Structures are given as C-alpha cells and as structure tokens.
C-alpha cells in the first residue's frame, strides 16, 4: 500500500495534521491501534478550556466527532485497530498489523508520529493487585466502555487528570473517598479541585499511599502523611476501605517509534521524559519524519492540535502541495496560537521544555 | 449497584440492546458484542484475569489500552490475548491465564 | 498567593473577594449578578465570548482573569454553562426579603425537580442549610450542563455552591 | 514532578510487572556495576517481558538515576526494537513470504 503522508495516531494532533495536509491535496493515511479514532478525546467528556478558536467550551468527545467529520470529507484514510509494529527505511515504510490479524507494509513519502503519551506508574506494596489501575485507564473503562472499575475509589495524584477523573467517577456513580498527593500543593487547576471539593471529596496534600492490600484484589489501602522530606510521619497512617486505586501521576511521551526509526531523542523532565527532538516545523532529526502532540512533550489537547496543524502544513509543503510563503504564513498563525496557549503560569514548564527541545535539535 | 453505567449525565442512556453469552472459566456471563473482553469481565466483577508465572500473583486491568499486557488471558485456546482491547464475540471461551499460558488447539 | 486554593482546593474568603470576577458584596446583595470564581491564569475565554451584554472582560491575553462588570451583568446565567471550569455562579440577593436565589452548574443524575427540598453545600461539600429548587434550565445550548436555581437564606449566598439531593 | 514518582523504601516490591523483577534485584544489579538501562535490562530481565518495559522503564530509570547520580539526560532508554506490539510469529512469517514473493 502506498500513501504520501502516513500518520501514526488519530488523537487531536494526528487528526489536525491530517486535515491541514489533506486540505492541500496530500493523500493521507492514519493508523491507530484503538478500535475508535480520536485518541484520548473520546474519553474527555468535560468541556475544554481555551479560546473560541481552540473549540473552548466544547466537550472533548464532540471535538473528536468534529475532527473526524472533517477528515471524512477530505477523504483521509483511517485504519483502526491497526498497530504499527515496525518502522522501516528511515520512516519510509511501516509494518502494519490489522485487527483481523493480517499484516501489510505501508510505504509513505512522509511520516508523522503522533502516538501520544502513556500513564506513569507508581510503585508501592500491592500495586500489582487487580483494582490498582491508571486514572486514564479508569476513564477509558467508564467513559468509553461504560463500566466502572469499582465503587469506592482512592485517587492517587491531584494533577488535572486525577481531579477530572475523580469528578467523572462521581458522574458515573462511584464514590471517591479521597484524592491524595505527596506534594504540599494540588498539582492541577484550582477550578478542577474546587469542583470535587464541593462534591465532598477530600483532597489530602502531603499524603502518600503506603500500601494496597487484599488477597486477590484490592480491599483497601493505607495512606499516610509525609513531612517536608517526603518521609512518612509516624502514626499518621490511615486505613481506607476501597476497591479501586487510580494512579494519576503524570504521563510520559511514547517515543519508541521515533527512537527506533533513528530520530534523536532527549530527556526533558518538563515535557514528561524522553522525547524526539524537533524543529519549529515539527520535523525530527530524520528528514521527512515529523512529530506532534504529547509524543514530543506532554501538554494539552489544544497545543496538540496546533502542533498537528504545523506538522501537516510542513509535510504538505515538502511534498510540493503548498508554496513556501503560504505555508510559512499558516505555520506562523499556529505558532502564535501556541505562544498564547503557553503564556500562562501553568504552561511555564512546558514552554521551557519546548524551548530546550528545539534548542537541542539545532545543536545536534 | 451494578458496575455498568446505564445512564450518564453527559453520555446519556446506554442504547445497546442485545447481550450475548461468553464463558469464563466455565461460567457463563453476559456481554455486549464488540466491547473489550476485560470490560465485560469487570461488569461481572471478575477482576483477576491472570496469575503470574513465578509468584502466581493475581493481575487485572492496568492500562486499559493494550500496552501493559497485564490483562492477558487465554481466549478460544490462544494464550496472551490482551483482553482490554480484544472485542467480545458470541460464545467466546475465556480462561484465566496461568503463567505464560498453554496453547489449546481448537477442535476442527 | 492563593495558598488556600492550592493546598485545599477551596478559596479562602479573602482569596475569593480579591478576584476580579467576584463583585463586591454590596453589589452581590443588589444582584442578580455573576460570581466568577476563577482565580488562576488559565488560557480560556468562553465566558467573555458568551456574555450577551459584554459584562465579562478578559481581553487580548486569554490567560487574563475574567473581570465582571456588575452593572452590565443581568444575571442571565449563560456563562454558568459556558465555563469549562464550572466556576461561575449567579447570585441574586434580592430574590425575596430573606432569601437569595443561587444558580449553579449541575452535571449529575438525577436532576432535582422544581419544588424539591435539597441539602445546600458549601465549597467544602458540607451541608450548611436546606435549599428549595426553583428552576432547572437544561437547553441544548448548555450542552448537558444544567443550570439549577434554588433559594436559600440570604446570609448564606456567598457560601452555598452545590446541592445534594436528600 | 519527580518527587511524585516515589519508590517505596521499606518493603521489596515488584517493579517489572511482566518479568516479576523486584526493586532490590534492580538495585543490586546497579550496585554490581550496571550503569545503563540496557545493562540493567540484560542482567535482571526487567523490561524484557511481554510489554517490553513500557511500564517499568521509567521506574528503573529513576532508581538508576538515584543510585548512580547520573541525571536522566545522560541516560538513554533501552534500544527499542520491533515488534512494538505483541504479534504472532506466523503473521510475521506470512509478511516475510509476501516480500519474498514480491521480489
């Protein structure tokens, strides 16, 4: 099979890139290992922040539908339940495994890796028990598959994911006994924290999980207060009767495809870990391989869409579908949006991380 | 309270109708065709999906997106199937996987 | 700065009153007026965009905190459902002599019914008094964020921010 | 950020969920001289199971960083090789046959 732009991942970055490229006439093929497109958008049932331009006030799930509709109109080819199990010839070909257990090689002129991020683990005694799972995993189960992982939940981590999933657990009919964080301050936005506090969910900062217990599955957990040195304060332990523990301690970019293709990767804590280096056009150190979204730095869906746009425009230009001047103008627009999105105090880290990443690209 | 979310303030009512039967370690449970096997098992409160090879520890759903491989089970005689991303089919036979699992040829 | 919010998820009274989206008490008492409990610079502006009277101002930098113009605000409540952070409430201190009318975003099932007596909760989820449901708005435009209005004793109007069905 | 990826200090716990490799085993390997993620992986099997280190790699990296004092910037993740997702060998064989036929 042949295409001009192959995109791995149909989340906000991949879809936005596909739309920009397909608009100019590029033949676009998207591969996604999930049975449904949209990446994490379809489990985001809350209204998104941002400006009008970034579809603010619209629920993630509806943004997903909108982007897909546009892709359909532009004849973007999407293969679902299809895993890119290998990457060949400097990104000029992908090994695909379809859901019906057939394999295929996809040759492509340009490649965009928009494979997103993966939830961070947190190891504590009992963390391998059934009933301990990712907060994102919980979101997938309840918002996509309409099944709760359990009825009484402890949320570990108070970043936006932990806070939002706590709220959504209540919407789905479960109880959240507490959301805890080892740091003295809540990680996520105040509005998300306030939302769950007024529902009666306690937020316990400077708290850690000591262990999960239960024979075959989680029956409870022991949490404890920590001092400034992060060590447990003696006799501050508390037993909670719960059947589910959600781990919400951040995300890491899923950079393995880029790494195996030979793209230079680097560790940037502000972006969540190892990520492929890229330039202002979202191109990696290998010509013709682009990245966009969480795979090159964990941020928001709104930034992922703008990065996706830039990569789609850059790919279209290098394929000869866009004049340089036109492409630069379009990219500049998206770059300005990115700057605005990264201007606030909550984006200081990712802004810094992105600057480091691009700087390292130019140095290498 | 069941673990299936029948009505939801944002997602609305669950409009899926007919359920099929699948067999888990010899026990028949209801499931929706096309939903991940692990979702159907969770709804029936089956959380232990496999036992590890060395220590025989129980494991269940962890990432729910096909990456961590902790939810692998033996499905229709084939071991190491990621149940969090494998859709339910009518009359599937699912077994808790012990260790690396055993292949069982389907009767032809 | 915002120590209470950051460590507990609840704005202290002082943190609250310093917000540009929260009108001074004497204007709240004269309501109806939107009380925008948005304290952090998040890139977001649907409240400004949805306001029919131009009473909410954010300006060019979408990270700015929203500023409420209590005189322009009619208390229509469109911003309640538009705010992705569910941080906007409308307080009407002049509903009756002794009661205030509070309108909140509500995204749970079941919805209460008009006339129901429900528990009124403060920002920490604690019951502070009873509330009587007066109106439920759930139009398509609000996209599943219902706006529930209820009456409570006037002196609780800056405390009560949620309800629990008894 | 990093303070959250705490690792338990009292009990020995499994870090690599697939190969059931514990924290102490990994620490011992580092004490014996394994100073890269690849070396730890080879000597302990942490990251060699079905998921290929997609869950434990970050935990192992943290221990390696703490024990050797090497910043994460100086560590490289273990070599990433296909298949990136579990795939049956007979499928790969079919793919191989197809490319032979094409030639």
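Note that the chains are named A, B, C and D in the order they appear, and that numbering of residues resets to 1 at the start of each chain.
One rule holds in what follows: a contact is a pair of C-beta atoms (placed from the backbone, for glycine too) under 8 Å apart; a residue touches a chain by one contact, two chains touch by 3 or more.
All values reported here derive from a predicted model rather than from experimental measurement.
S.K.: Going by the touch criterion stated earlier, list every chain that contacts chain B and also contacts chain D.
M.R.: Chains in contact with chain B as well as chain D: A.
S.K.: Sort out for me whether B-C or A-B is joined by the greater number of C-beta contact pairs.
M.R.: A-B
S.K.: Measuring between mean CA coordinates, which chain is farthest from chain C?
M.R.: D
S.K.: Using the mean of all protein Cα atoms as the middle point, what chain has its own Cα mean nearest that point?
M.R.: Nearest to the common C-alpha centre lies chain A.
S.K.: How many angstrom lie between the centres of chain A and chain B, each centre taken as the mean Cα position?
M.R.: That pair's centroid distance is 25 Å.
S.K.: Would you mind pulling out the distance in Å between where the CA atoms of chain C average out and where those of chain D do?
M.R.: Result: the chain centres lie 49 Å from each other.
S.K.: Could you please state the distance in Å, as a whole number, between where the Cα atoms of chain B are centred and where those of chain C are centred?
M.R.: 43
S.K.: Averaging over Cα atoms per chain, report the distance between chain A and chain C in Å.
M.R.: About 31 Å, centre to centre.
S.K.: Among all residues of chain A, which ones touch two or more of the remaining chains?
M.R.: 33, 59, 118, 128, 171
S.K.: Which chain B residues touch at least two other chains?
M.R.: Residues 8-10, 57, 59, 62-63, 66-67, 70.
S.K.: Among the residues of chain C, which are close enough to touch at least two other chains?
M.R.: 107-108, 144
S.K.: Applying that definition of touch, give me each pair of chains that meets it.
M.R.: The list of touching pairs comes to A-B, A-C, A-D, B-C, B-D.
S.K.: Show which residues of chain B lie in contact with chain C when the two form their complex.
M.R.: Residue list for chain B touching chain C: 7-10.
S.K.: Show me the residue ranges of chain A that touch chain D in the complex, using the header's touch definition.
M.R.: 33, 83-87, 95, 97, 101-105, 118, 120-125, 127-128, 157, 181-183, 187, 208, 211, 230, 249-250, 252, 255-257, 259-260, 265-267, 269-270, 273-274, 349
S.K.: Which residues of chain C touch chain A in their complex?
M.R.: 2, 5-11, 37-46, 49-50, 61-63, 82, 84-87, 107-108, 121-126, 143-145, 161-162, 164
S.K.: Contact residues on chain A for chain C in the complex?
M.R.: These residues of chain A touch chain C: 46-52, 56-59, 62, 170-171, 184-186, 189-201, 203, 205, 302, 340-341, 343-347.
S.K.: Any idea which chain A residues touch chain B in the complex?
M.R.: These residues of chain A touch chain B: 33-35, 45, 59, 61, 81, 118-119, 128-134, 136-138, 140-143, 145-151, 171-173, 216-217.
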